[in-house]
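Here the structure comes first, spelled out in structure tokens, and everything after it is commentary.
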Amino acid sequence: MPQRKSWVYYNDRLSRYLFISSAVLVSLIILCIIWFVGMQGLSTFREVSIIEFFTSSKWSPDSGKFGALTFIAGSIGTTLIAILLGGPLGLAGAVFLAEIAPPWVRAFMRPATDLFAGIPSVVYGYVGITVIVGLTGRLTNSPTGYGMLAAGIVLAIMILPTVISLSEDALRSLPRTYKEASLALGATRWQTIRRVLVPAASPGILTAIILAMARAIGETMAVQMVIGNSPRFPDSLGSPTSTLTSNIVMEMGNTPFGSTWNNGLFMMAFILLVIALIMIILVRTASRKGAAR
Amino acid sequence: MDKIVVNKLDLFYGDQQALNNIGIAMKERSVTALIGPSGCGKSTFLRTLNRMQDLIPSVKITGQVKIDGQDIYATGTDVVLLRKKVGMVFQNPNPFPKSVFENVAYGPRIHGETDKKKLSEIVETSLKDAALWNEVKDRLHESALGLSGGQQQRLCIARLLAVGPEILLMDEPTSALDPISTMKIEELISELKDKYTIIIVTHNMHQASRVSDRTAFFLSGDLIEEDVTSVLFTRPAKKKTEDYISGRFG
Amino acid sequence: APTTTTPAPSATSIDKKTISAAGSTALQPLVKLAADEFMAKNSGVQVNLSGGGSMTGLNNVASGSIEIGNSDVVSPEELKSAGLVDHQVCVAPFLLIVNKDVKVDNLTKAQAADIFTGKITNWKDVGGQDLKISIIGRAASSGTRLNVEKIVMDGKKMTDAAAAQDSTGNLLTGVAQTAGAIGYIDAAYLKDTVKALKFDGVAYSPETVISGQYPIYSYEHMYTKGEPTGTVKAFLDYVMSAEFQDKNVEKTGFIPVSKMKK
Amino acid sequence: MKAHQADRFATIMLWIGALSIVAILIAFLTLILGRGLPHLTSEFFNGPDGVRGQLFNSFYILFLSLVLSLPVGLGAGIYMAEYAPKNKFTDLIRLSTESLASVPSIVFGLFGMIVFVNMFGLGFTILGGSATLALLNLPILVRVTEESLRAVPRSYREASLALGATMWQTLRKVILPTALPGLITGITLVAGRALGETAILIFTAGMNVSRIPFDVNPLAAGETLAVHLFAVKSNPLPGTNADQIADGTAALLIIMVIVFNICLTLPSRWLQRRQLGKNKM
Amino acid sequence: MDKIVVNKLDLFYGDQQALNNIGIAMKERSVTALIGPSGCGKSTFLRTLNRMQDLIPSVKITGQVKIDGQDIYATGTDVVLLRKKVGMVFQNPNPFPKSVFENVAYGPRIHGETDKKKLSEIVETSLKDAALWNEVKDRLHESALGLSGGQQQRLCIARLLAVGPEILLMDEPTSALDPISTMKIEELISELKDKYTIIIVTHNMHQASRVSDRTAFFLSGDLIEEDVTSVLFTRPAKKKTEDYISGRFG
């Protein structure tokens, strides 16, 4: 039946072309977005010096001052706080789920942590301004409580599901034999976790942490509600400052498209993209190192 | 002297019985082989001897397992200490993703040894005892995962010897290996039996006859027969044993 | 015969089935009311609305992708060439608000300016208790902030130390829960969780604005590209109609343009 | 013994860590549901300020965005997992896909506004919002698809090809069915994120709803629940019950996410069980 | 008549040569066993015969493999048809996560058979030929993953027979199985050789001598020796072969 045969081949070829064109389409779209943001952003430097943009913290566009250092520092600072708080907690949760939790606890807790990911960021921000800033205000002895600490706490909660689920997967995908070998040598459970399991899963855990950082640095709505949004280098963790994302969302809607001010905001978006790219490359190297072992 | 005495041992996975009224005794400094078809309970039995089976939630165990006269299932037993004394080698070599040195030093370290020099000594002796020293002495700090399968298995044995066990449990330690590596492990077992009590699970009846003093034949959870190896293979007392042995060579 | 007073929009002027308006978030609730009622009166017409900020509206109307751009501010130079036509639809008064604990009820223009530039940082310097002043304002690009800077501070810039929120709602929450906080909002959004201050001794009310005693206000604009026609014109006419201005504009806390003197 | 004490201490700490995670979640849920649930009356949905339209739009926009992004995302994911040779080009695609997943959504929103709202002249409509949201979904979909296909054991592929099946037959009959539970989980994730998205939709889908109930016209205005929540929180006109509406909307959003998770994970568990067979595992 | 003729076959993984100038011929309706230590290239060689090795990107192949006189590496060869003709059984049983019936019907379906009755017939015959029918006839529509390892392996053979291959490649088909299942598969191979040309890779020299007509010994990518099985095991021509064989039994 040569007729039918040719159909089988035709389908195979057709599907392959469809898949390839999807991949090409996706990459075209992605390149378009990157190109659009990049071109728009880079045109800032027709009127602003690169050095000023990256080294000055004076952001006052209507008097011609375009220093974005505060925002870059704010983004990095809040992300670090988020990782310092959310990373260990999430990792503890992952270790707990993978090694300690009785099955019924896990059956309930795993989907529950996934729920964190489903809560809209506006809701996080809302809890942030009604509950968390009060707390950080008292902690840092600042009147408003807006600032990097508040944003860091909100982000720490938001990255929990990423850290937990990816690290738990990494721990779970370890061969059972590691654990058995260690226990059979007379190691306690904690020794096994600390000396064998976590080190063996470290590439996966690192991936989790870096992806969580990428998530944190890109978060907008929730951060914007609790960071205080003052374009100023903060004196403390509890004084208002800004991040790249919060400043973009604060000013984007009220600046004319194509103005230097507006372009500067696109440049900030482009910086975010570049930071994300660097982090992904870090993830890649981390996981490649893991695979090579 | 009997090192291990097992008495009326029953084991259930949930409702399903996997070991049925097992009774057996093993002498110090002897090699006992466990044979039987797949699923008959060899691994399960082996793993009750160092309480690794405790890790499976649904398992229920009744009966007695005495090691040096002490019931290891009595309340108050220190499982961690027990496992230090009753070491285990697995079917597939399972070195940690660490260096050769760190693999062997792992056991002493978790048992509190911190002195660098002592650790080095222990690592060297253990590797020598496991007949691996010459092959790895120049690559102690390379990853253990770069070793061949047979080397990895001997590394696991060295890692075990380093914690100073008295009993070695081996669950099909050569089934994943090529013939040459298998030979080396078998030789090693023959050397080790001067110092340790060894129990080995194997699919390979040749192997059982080559390495063991006594052999126990399991069939669907029952211990059918246990005797001096040469006797069991040539003049088995039970019909089932004979069927199995001849079927294998049929 | 056509008259200069606004006629009730007639069905005959409807051409497009769908028109869009976007821009100022402050003005949006009012436009939404207008749209709802306009749609109820003209079945078959859909008015699509969005916020996004004043410049979002101006950018989009200038490029022709929407029909109406809502704005708190006068269109900037950059967009003049697009031929935007201004329709002033109402007056938005602004209020200085403080946390309820603050024991000050009135600020002079000079005092307010000094607070917002960061010169005065404690309430005791303006007759209140010994309490640090926390400014919670709006973003640098916000129309509300621009108007406050223009009218209260004579064009001086707000201090960097001020915290900012991107919306009136969040700002109100902030002022309400921060001891010693001061902020500024569109009068329309005043809530009893905060206290409104008198300005130069004058309390805000529509009447004090209309009479010219209360100076902090600005016009809200709806821009079209070229003179409006058809549905767009009908909609703008409805917004300007006595019916809508009297009933809804006042109800929502804005002031009808027609009421203003000058 | 020291090791024993350390073990016990660590176990307690890990339990505390886990409990605090659950406690944070419960705090969130009780706070939001506690404030919001009482407002979820029929008036809340159907009244003059009711959110019926927003609720409908949330799902309609989600649905359209999936219709737009699923075929392409799946296709690209399949290509990356099954066909793509390992070279610079595919590395580049993968790299850009992954980095895009962490770009703030407002940037997608602006891109969508300039392309769909302005250039294509869609205005602030359901279609413009869905198309932009589809852009946000794409990278996640590609990634999820690629990952769940890679999780399918190689042996299935080999078995099928060794029987003389073409790649397409192998995909359709063996790989995709096996990967389905993973794909469903991935789509749940995408859907959860899309349901909660605001920044994108403010700039593309608009902030009011069609006056026709359940208007399927893709050119109607497309305010969703999340945007509605944002709007009433931002500019709460006194005299309206803005606060109650906001609280109720937040609660409704969370309930939607929970229901969505349950609706999608239960069938995928069932599928998994069916595939593994009744007897074993 | 020679069914398969291999000539000057070289295979590289990247820069590393894994097969070195292999030349061998296999008769129709015969069983050839491939033996040799781990990593010597047995699997690699087997997989060049149905071009499964093509799926690995870095592989380069030169030389000739003729099946029924046709070079399967010639351009224009229909790989899909080739694989239909040259079937393969893998080391680990790999049934699809579908029912027993659907597993066996898979091949005929993808090759265009849609008639329900014909499919049922094919499934029944194949399962009978694979000596599995009696064990599964009452559970045709239950998941294949519920079968035991040995049953799964026979199912994979049945699945293969259903597409009507002429050559069967088997890569250590019993290494994951217990002795009883192994015996059943070995019996099956003896029955199948009346109809098919079979090539089997095995670690187990007993098995090679039990099932094969001829045996080929591989060592690090070279085909050292190939002869009638009984001759190769008792009077090997090459020293290396002898070493390997005796090492095994040593």
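Letters A, B, C, D and E name the chains as they come in the text, with residue numbers starting at 1 for each one.
Note that a contact is a pair of C-beta atoms (placed from the backbone, for glycine too) under 8 Å apart; a residue touches a chain by one contact, two chains touch by 3 or more.
Note that the structure is a prediction, hence the values are computed from the model and not measured.
Placing every chain at the mean of its C-alpha atoms, the farthest one from chain B is found to be C. With respect to chain E, maximal separation of chain centres occurs for C (centres as means of Cα atoms). Work out the mean CA point of chain A and of chain C, and you get 36 Å between them.
A straight line joining the Cα centres of chain B and chain C is 81 Å long.
Between the CA-based centres of chain A and chain D the separation comes to 17 Å, rounded to the whole angstrom.
Multi-chain contact residues of chain D (touching two or more other chains) are listed as 3-4, 166, 169, 203, 233. Touching of two or more other chains is recorded for residues 80, 110-111 of chain B.
For chain C, the set of residues that touch two or more other chains comprises 25, 51-52, 56, 166, 170. By the touch criterion given at the top, residues 50, 52, 55, 57, 80-85, 87-88, 90, 92, 94-98, 106-107, 109-111, 142-146, 156, 159-160, 163 of chain E touch chain D in their complex. The residues of chain B lying in touch with chain D in their complex are 80, 110-112.
Of all residues in chain A, only 102-103, 175, 177-178, 180-188, 191, 195-196, 199-200, 293 touch chain B in the complex they form.
Residues 60-63, 129-130, 133-134, 137, 143-146, 224-225, 228-232, 239-240, 249-259, 261 of chain A are the ones that touch chain C when the two sit in their complex.
On the chain D side of its complex with chain A, the touching residues are 3-4, 6-7, 9-11, 13-15, 17-18, 20-22, 24-25, 28-29, 31-32, 71-76, 78-80, 82-84, 92-93, 95-108, 110-111, 114, 135, 138-139, 142, 166-169, 171, 189, 192-193, 195-199, 203, 226, 229-230, 233, 246, 250, 253-254, 257-258, 260-261, 265.
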